[in-house]
Each structure stands twice: as structure tokens, then as C-alpha cells.
Amino acid sequence: MEVLTGWWDDFFWGSLVVVKLFFVALILTVLFGLIGSAAKLSKNRVANAIANGYTIVFRGTPEILVLLLFYFGSAIALTALAQVFDPDVKFVDFPPFWAGSLAIALIIGSYATETFRGAFLGVDSGQIEAARALGLSNLQTFIYVRIPAMWRLALPPFGNHMLSLIKDTALVAIIGLEETLFVAEQAIGYTAKPFTLYLVVGAIYLGFSTIITLTVMLCEKYANRHLEIAK
Amino acid sequence: EKLRVGMECTYAPFNFKNENGDLMGYDVDVARGVAGLIGADLEFVCQKWDGMIPALLANKFDLVVASMSITDKRLEKMDFSDTYRISVGRLVGKKSAGLKLFDSTDKPIPANFADLKVGVERASTYADWFKNELPKANVVLYDTNESLYLDLVNGRTDMIMTNPMKAHLRFLSKEDGAGFEFVSPQIDERKYFGIGVGIGLRKGNDELKARLNKAIKTLTDNGYLESYALKYFPFAIH
Amino acid sequence: MIFDLELILDSIPQMLMGLGLTLQLLFLSLALGTALAIILLLMRISGRWVLAAPAMAYIYIFRGTPILVQIFIIYYGLPQLELVRESILWPILREPFGCAIVALSLNTGAYVSEIFRGGVLGVDRGLKEAASALGLSARQRFIYITAPIAIRLSLPAYSNDVVSLMKSTALASTITLLDMTGIARTIVAETYAPYEVFLSLMVIYLVLTWMIQRSFGWIEKRMSRHVRSEI
Amino acid sequence: MSDNQQDVIVQVENVDKFFGDFQALKAVNLTVARGERVVVCGPSGSGKSTLIRCINRLEAHSSGRILINGHELTDDVKDIDAVRREVGMVFQSFNLFPHLTVIENLMLAPKLVRKTSKTENRELAMEMLARVKIQDQAEKWPSALSGGQQQRVAIARALCMNPEVILFDEPTSALDPEMISEVLDVMIDLAKEGMTMICVTHEMGFARSVADKVVFMDQGEIVETGPPATFFDSPKSDRTRLFLQQILSH
Amino acid sequence: MSDNQQDVIVQVENVDKFFGDFQALKAVNLTVARGERVVVCGPSGSGKSTLIRCINRLEAHSSGRILINGHELTDDVKDIDAVRREVGMVFQSFNLFPHLTVIENLMLAPKLVRKTSKTENRELAMEMLARVKIQDQAEKWPSALSGGQQQRVAIARALCMNPEVILFDEPTSALDPEMISEVLDVMIDLAKEGMTMICVTHEMGFARSVADKVVFMDQGEIVETGPPATFFDSPKSDRTRLFLQQILSH
């Protein structure tokens, strides 16, 4: 363990990067998932096609490839876009943190799209009919009946997506963001003790995964509280 | 003026982080020296080697100060300042192996490379050299310099080709490297290793390039480069 | 930005040379991982604590840490241990191919075993009771009733896992293997043209994903003959 | 509107309903007067549910006219909402909102549709729960109730919107035998209070004692209509006779 | 074993059954003779299913003794298997194996348990399908059949093991009204052929015409036992009377 002396603070800052990545990407993931599932469920053919293309591409491509493409491509694409509006713009930088979180969110968001879609479809149509029979409008039905019923169904698979999300943050080392795995590599360069250092990274991620699992369990308990009394 | 500088941050002793997280090394010192002379603020960006040039071209940073050799191929895509250190390569292998790889004129003997695995960094000048001079050699590509030593010790490769200064300092002089030695003469064919290591920048920045060259000249003339080198090596390397 | 068409046409055949390796990684680790998954499943449902607990711990650890970290620990870390270098496994772990197979199989095994367990739990209890009432032994119940139904139930999730395994093979490029991604990264490093190369690679992976999904769709259809289509 | 017409609450005129190529309703005519109790029966798949779902416009009919209290059901959203407020519906599978407590189930629609105040809604809800004799369960989750209790809550929920007519779609067929009578008792009470009801059910005892009119459907058509006494004791059509035989034989 | 005892097929002696703290069966005694037809009724949760599941040892009883054809049900695996071969069971939800065709459903247990030849099994299966009047469906998947047909297949499947006694747990309560009688007809035929049956059901018409003995359970106890005539027309206990009132009122 003395090989780790002096590296603990680096691991702490690396973990902080992981946590920040996680939360930013989580919010974006939910956003992409909701938009994607709404597009898939809508009767609009263009929205359908775009959403289908989105899930096919991001679920079928290796994460590392998406990340590399995003990292290299984002700045150039963004610059090209900016130059359309203002030819004088030389360069728009896309910080690796944002490239990383956006890439991860787009990947996991494509999975969340399917999850949310399934959950919306899984809401008992009888409840929706009951709401309509009571005179609730479509929007009211959506907010007061479909979303509360949907999130209970979506939570278990979404918990799994959150685990994939936290683990995908390890990939951003490949684009040079200084998270825990990158810290470990730097430390290995100095100490030549890869086994110990990779184990530390593994343990850190196991810790994150445990926290997420427990949180999801609590949320599920809350979401299912109305079923608890029943056997 | 603010200049962003790309480097690997894992290529000791040229650019690396110590246990306190401070960035240091010969490249870092050169970059700081140049910045002082041209009056710019620096921001260091750590970047994996195989994405170094794409990242420069994508404007992730403005300069590459990462022990990058000036080669014709690279010059097609980017520009370089004058050199601030020499560029050579050398093979490292097991002491006991008794390898005879080069003839008396220091030319490699291709037959003797058969059945041997050589580790090099992906997209390095060393990889280029092997590809052209010994196309039949069994070359294994690594993402970082550090993994070269790890796998050499683990026995996954029979030898590696890398920068001899680095190999000496980071490996051969350490406990891990005790059973290993240089198994080749210095290889510095200009065709591959160019004229040395320079500061990389995007094309079309001639004004910046001129300022860099002037600063490097000052550093060389006034003995700064030598003093940087002596912090890590027992000799000057420019 | 104008794409270099010549480069794309040039690099696709090169990358396809890595297809063989990608497929070897996929099929070998799929077979080994599935076998491991069945063993883990039997341990978990054995009802014996000494068997179930290690299986649970194993699954927990391998699902809770990033596969990239697992690959690094196995490839760079394990050889640090004298024990490993002197073991009979060394000829396998010495080779990056062996390490990749080991890492991918161990990881997939954990995931697939949970998928199978979900399938087993999804088998209607009434069917098992009916089988007991007919006098079938526990082993017969598992082989003739639970397993065939559970396999069909697991199939969609299993096919998803095959796709993610296929994508995970791309990580083999981080331990010196020249699979499709490894070759692509080398081309990028030589040509400094990531967009052309990575986008072409993405298309190849999408075709692979599509083929996997089609195959499983076909298998699922065949296995679902007894399920009424209108349900 | 003449005095005579005012007494008609539901008027179904020559209604067809297609699902794709399949015709689920064939030229159906039905008139229900204020205060009338109509029981609809018939074999599975005969279009009973489809008919009352069209009356509530959970399905849109394909041709013909449906008038509720004089308003015609068209695609015009405003009209549908207005009509739905006058028509309550009770489903076979209760369809309580599982994430809301019993009283929240009752208060939701008044809050969102009528926009009445919370106290008012709560009072109304408690009153309706009392009417179905279940006020002590107000704070429970639906899943904690027995099937019979859930169905009574569903009836109370429909009553909270103060509808002119209530539609029941096999309200007791998902219930255990002992619970059937508790729900039928509530329905009988409603009938006694003069509520207009259209009820799909196989409970022939209920039909006999409560209905003003029994409607028998088969293959999308109304085959026979009549007061229960005539219907049960001297059915006119063969199809009706066969059906009654099957239903009553065991 | 005396001649007299040989005629007893099922003997339940003072059986208790606990689920955790909850007592589902309380000192239950029941004797069923060869050829006897017993109907068990009672409110939901009274322990009817638990009782017959214990007789088939799908549940293990907590205390007391259960003897099938003289063999006592204990934890001893060999005995249980021997006993199960003599006891057939038909469930409320049919529980046909969905991945096997109708005839494969019937042939599975003979193949695995009796290890008889395939031709023999097929012949037997076809014979049993004929007995429940459904031999033309032999090659279909269960999901392609109606509920009533599925339940008849389930009965045939139980018959294939040539059991001494068949247990039925509410065999008709998951069926649509029109299908109930087709299943009851099959059960009546079985009864006429002298099959020993224990049947949980709420079909009081069936009980009245077929049963030798009706057993009424409430809260885990057997409250009343008697021949159908006495049971229905002059029940002794208040609880029975109340239950019959509820069941028969509608």
C-alpha cells in the first residue's frame, strides 16, 4: 500500500471527475431517453425515423468508438457549425469533459429510450381508459397517470443503465480526461505497480456501483410503496 | 496570450506527473522556458499519444511539446519549430539472450528478428522504422510507453524499441530493468527520426513559429537546455 | 470538412482484416461465458449457501466494475504476481488474445447468469407445481419444464448481451490486439484522419449488430411458435 | 327539444363499428331514458363492451349517430369532454390508479376536470365512499383492498363526477363469488335511487330483479330486447334461448 | 390392513398447516373412500386449496398425518413420488406446459415417471383425449385452445397417470360462463365411471348432483360435512348458512 502514498489525493480528484461526469451524463441521459421514447411512440414518421436511427447507431457502435469520434469530431463539427453563422470564428473548443459526458449520455440515452418506451407501453391501458372516462385530458392523463405508473416500471432497468453509465466513465481515460483510471496510469508510470493500482480503480468503481444499487433499491421501495401491503 | 500545450503526461522523464501531481520533465521545462521568453501563459493538456496530432489539428491545444520527432510524414500535416533535442531509438532486450541482431556495419539482420516480438508505441517513429526496414518483424503496438516495460518484464515481448535516454532512466537503471540491456546501436536514420525533436504546431502559424524558433535559439545559446537536461540525465541531449 | 474518400476505400479492407479476430473474440468468449453463466446459475439456485454466496459475490464484483479495468487488471496486473507467472495458466495469460478471452468470458458469464436467472424466475410457478403433481423429480422438472421455458424467456435479453459483448471486443485494442478497432486506431495514428476511419468502422460494427439481431430474431420466432401471435 | 325527447339520455342510432375489416357492431339501435336500467348480455365477443365503449367514446363508432343528453358524439374534443362528464364508467378490472390512495383516486378527476377546491372534493369523496359503504378504507392503497372493495371504490370514483348515466362493463366478473353480492348490492341501491344505468353482466338474478330492459347481443347485433320477465321466460329468438340455456344450466 | 381400511383412499388426520405464524389449517380431519366424490367449499382464504395441496404434498403439512392408500406422507422422497403417482391434480389455471403440444403434454409424465414406451404412451394419451372429447386437438399448442378445452386437456393429462384419486382446485373458476359446462360435463362423466374425486368448487349445481359428501371450510377449519341434500337444505351451522345465502343469492 505504500506505493499509493502521495497518490490518494489524485485518486480523490479523479473520483470527483467521475462523479461530476456521472451526474451531468445522468441528467442528459434522462432527457435523451424521454425525448427518444416520446419520438418513438409518436405517430410522426420523421420523429420515428430519427429516433430509430439514433437507437440503432448508438446501441450498435462500441462505446470506445463513439467516444473517440466524439472527442475528435466534436470541436471540428462545432467549429464548422459556428462558421456557418459567423465566418470569422476560428475555433470553438469543446472541452473533453463535455465531449465525454455528452458521448456517454448519448450512448446510455439510446438504451433509456427503449426502457422508457417499454415502460410507457407497460402502463395498464385500463388505467389510461379510466382516466379518459373520467374526463381527464391527454396531458393530464400523461402527467397524473402515465408518468407515475411508468417510472415504477422503468426504475429497475434504469438502475442498470445507471450502473452502465458509471462504468462507462472509465472509458473517458481514453480521451485523456483525468479520471481515476488515468490517475492510475500516471501512477503506474511512476511506481510500476499496475496490479495494485488497477485494483484500487476497481474498488473505487465497486464502491460507486454499490451506492447506486442501494439508491435504486430505496427509490424502488418508494415507488412500490402502494404494493407493499399486498402480499 | 494563452497557449495550450499538449503532451502525454506519462512519458517520464520528458513529461510526467510526480506523486504530488506536479507536471515535470524535460519537455515541460522547455515549454516553460519558451513561454517565458515569448511572454505567454501556458495551459497543459494531457493527451494520449495516438490522438496527439488529430487533437492538435482539432484545435484541442496550440502546441505539441511531447518529445515528438520532426518527420516528413508529420510535416505533411503540421509544422514544427527548430529542434530542442535529438531523436534516436534503441532496442532493449534481455541480457542473457545473446541476441545478434546487427551486422558490423550496424545494419539489422532481418533473419535474426524472426520469431522475436518487439514492442513499440503505436504511431511512433520506431513503429515506422520497423514497418519499412523490417516489415517481417513481429511488432506489437502499445498505447503508452510504460506498458512497453511492463510487458517486456512479463515476457510478452522479447525486446522493445524506444528512446534510449528514457529507457536508461526509467527502466535500465531501476530494479525491474536489472536483467536487461541495450541490444542495438543507436538508430537515428534521418528518414525516420528526422532531424530531432521539435515543438509541433498547426500549419499557417508562421509568426508563432518564428517566435518559437527565436526562443529555442536563446535557450540553446544561453545553456538553458543543457541545464534542463542535467536535471534528469548526466549529459546534454540537444 | 471534406471526407477523403480514397482513404475510406483504402482503410475498410484493412480494418476487415481484423474482423476475423473480432469474431474469434466474440464467439469464443460467448461460448465460455455462457458455460460459466450456467455454472453460476446452478450455484445460485442450488439453495446451498456455500455455493450461492460465492456465485453472488462473483457476479457482484464483475458487474460492478468497468470491463476496461478488468481487462487491465488481467493483462497488466496479474503477471506482476509470481504465482500467476508460474501457474499452468501462464501460457494463456501470456498472450493478449488469451487475456482478452479470459476477461470477456469472466465478464459475460456474470451478466448472462443473471439473465438466465431472470428467465428461470419467470417460469410460472403453476407449471412447476403441475409437473410435481405429475410425479416428475426436481431434476426432470428443471430439464423438461423450467429450462426450455426459461431459455425462451431469456432470449431477448441474451441477444442484447451478445451485442454488448461484440462491442466490448473493441476494448481488446487497448491490450495490443489488432482487432478491427486496433487496426483502425493504428491507421488513425498513421494518417491523422480519425473521422474517415472511425466512421467507416462504425458502419462495419452496425452491420455486425444488425446481423446478430436478425439471427436472434429468427431464433426467437422459431422458439415462440407455441405463443399465440395476437397476445 | 320537446319534453318527450328530454327524457332520453342515451340514443344510439344505427351504429356500425369496424376494427379493420372486422365488424364488431352492426346497425345497433338503442334508446335509454332517464332513470332507466338496461342490462346487456350475450356471448363473449358479441360486441357488448364495444357498444358501451362507443357510448363513452373510448372507441369512435364508424357510422350512425350516438347522442348523449342531446349532444352528438363527434370528433370534436370539446363535446367529448362535455359528454364524458355526464357518463361514468365502471370496468371489469376496476382500473383504480394504483399509485394513489382510495380517496386520492376519488379526488383526482374533480380536481383536474371540475377544478373544484380540495375541501369540497374531499367532502364529496367521503360522501361517495359512504354511499358504497367503504368510508373507513379512504386512506388505504387500492392494492390493500379486496376485489369487491376495489370495485366499490371504482363505482364511487365514477359517482364523484356526478354523471347522468353510469356504464358498467361486467363489473362482477373479475370477482370471487362471495364478493359479487356486495358489489351487486351497491348497484341495486344506485338503481333504487333512480340512477340511469347500462350494465353488461351475466348476473341474471340481478337482471331479473333490477332491469327495466334486457338487451341480448350476438355477433355485433342486438338480437332481442325486452323486459326481463318476457326475456327470460319466453325468449323470441333461438339464439337467445340457446344462450340462456347455457348460462343458466349450471 | 383390514378389508374395511382398504377402501379408504385418502385419510387426513388432525392436520395443522402453518405459513409462518399464520395457521391456514386447523386440526382438519377428512376421510375419502374409494369411489367417493367429495366437494369442498368455503369462502376465499378458508384453506381449501391448502388442504388439497397438502394431500398432494405440494405443501408439507405442519402436524397430524395424511395417508394416501395406506402410505403416510412424510419427507421421505421415495414415498412422495409413489404417492403422487396415485394422486392426479387439476388446477384452476390449467398449467399446461406451453412449450409442448397437447399430446406431448399428456405423454411427458408417463415417459419420465413410468418409463413406458412411446407408442404405449401415445395410445394412452389419445385414449384419454377421447375421454375428454378433444382427440382432434392432439397436435395443437395449448395456447391455440379455448380455456374450456385447455382444462379438459389438463384433466386428460392427470388421467394419463392412471391415478387412484383426482384433486380439482376450482377447475372452472377461470373459465368464461359458456365453457364451464363443457368442463363440468367431463367431470360428471368421470364421477359416473367411479373415479374418486376431491373437488374444490363453487358450482353448487355440480355439488348437488354429483357429490357424495360436501365439506364446508371456514378459517382453516372444517365447519360442516354432510351429504348434499342435508348440506344445502338444512345446514347446521350459521356460518354455512350465511355462506350459502351469499353464494346462491344472485
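Note that the chains take the letters A, B, C, D and E in the order they are written out, and that residue 1 is the start of every chain.
Assume a contact is a pair of C-beta atoms (placed from the backbone, for glycine too) under 8 Å apart; a residue touches a chain by one contact, two chains touch by 3 or more.
The structure displayed is predicted, hence computed values, not measured ones.
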item: For chain B and chain C, chains touching each; value: A
item: Shortest path length from chain A to chain B (each step joins two touching chains); value: 1
item: Set of chains adjacent to chain A and to chain C; value: B
item: Cα superposition of chain D on its sequence copy chain E - rotation in ° rounded to nearest 5; value: 175
item: Relative to chain A, chain with the most remote C-alpha centre; value: E
item: Chain pair whose interface holds the most contacting C-beta pairs; value: A-C
item: Furthest chain, CA centroid comparison against chain D; value: B
item: Length of the line joining the C-alpha centres of chain A and chain E, rounded to whole Å; value: 53
item: Distance between chain centroids, defined by C-alpha means - chain A, chain D (Å); value: 46
item: Intercentroid distance (Cα basis), chain E paired with chain D, Å; value: 37
item: Chain A, residues touching no fewer than two other chains; value: 68, 72-73, 76, 174, 188, 194
item: Two or more partner chains touched - positions in chain C; value: 76, 80, 174, 185, 194
item: Inter-chain touch pairs (all); value: A-B, A-C, A-D, B-C, C-E, D-E
item: Residues on chain E engaged by chain D in the complex (per definition of touch); value: 43-44, 176-178, 180-181, 184, 202-203, 205-206, 243, 246-247, 249-250
item: Chain C-touching residues of chain E, taken from the complex the two chains share; value: 56, 58, 81, 84-85, 87-89, 91, 93, 95-101, 108-109, 112-113, 141-144, 154, 157-158, 161
item: Contacting residues of chain B [partner chain C, same complex]; value: 49-51, 53-54, 57, 77, 119, 122-123, 140-143, 147, 150-151, 154-156
item: Partner chain A, residues of chain B touching it in the complex; value: 9-12, 16-21, 45-48, 51, 54-55, 58-60, 144-146, 149-150, 174, 176
item: For the chain A and chain B complex, residues of the former touching the latter; value: 5-7, 9-10, 13, 68, 71-73, 75-76, 79, 91, 93, 96, 174-176, 178, 182, 185-190, 192, 194
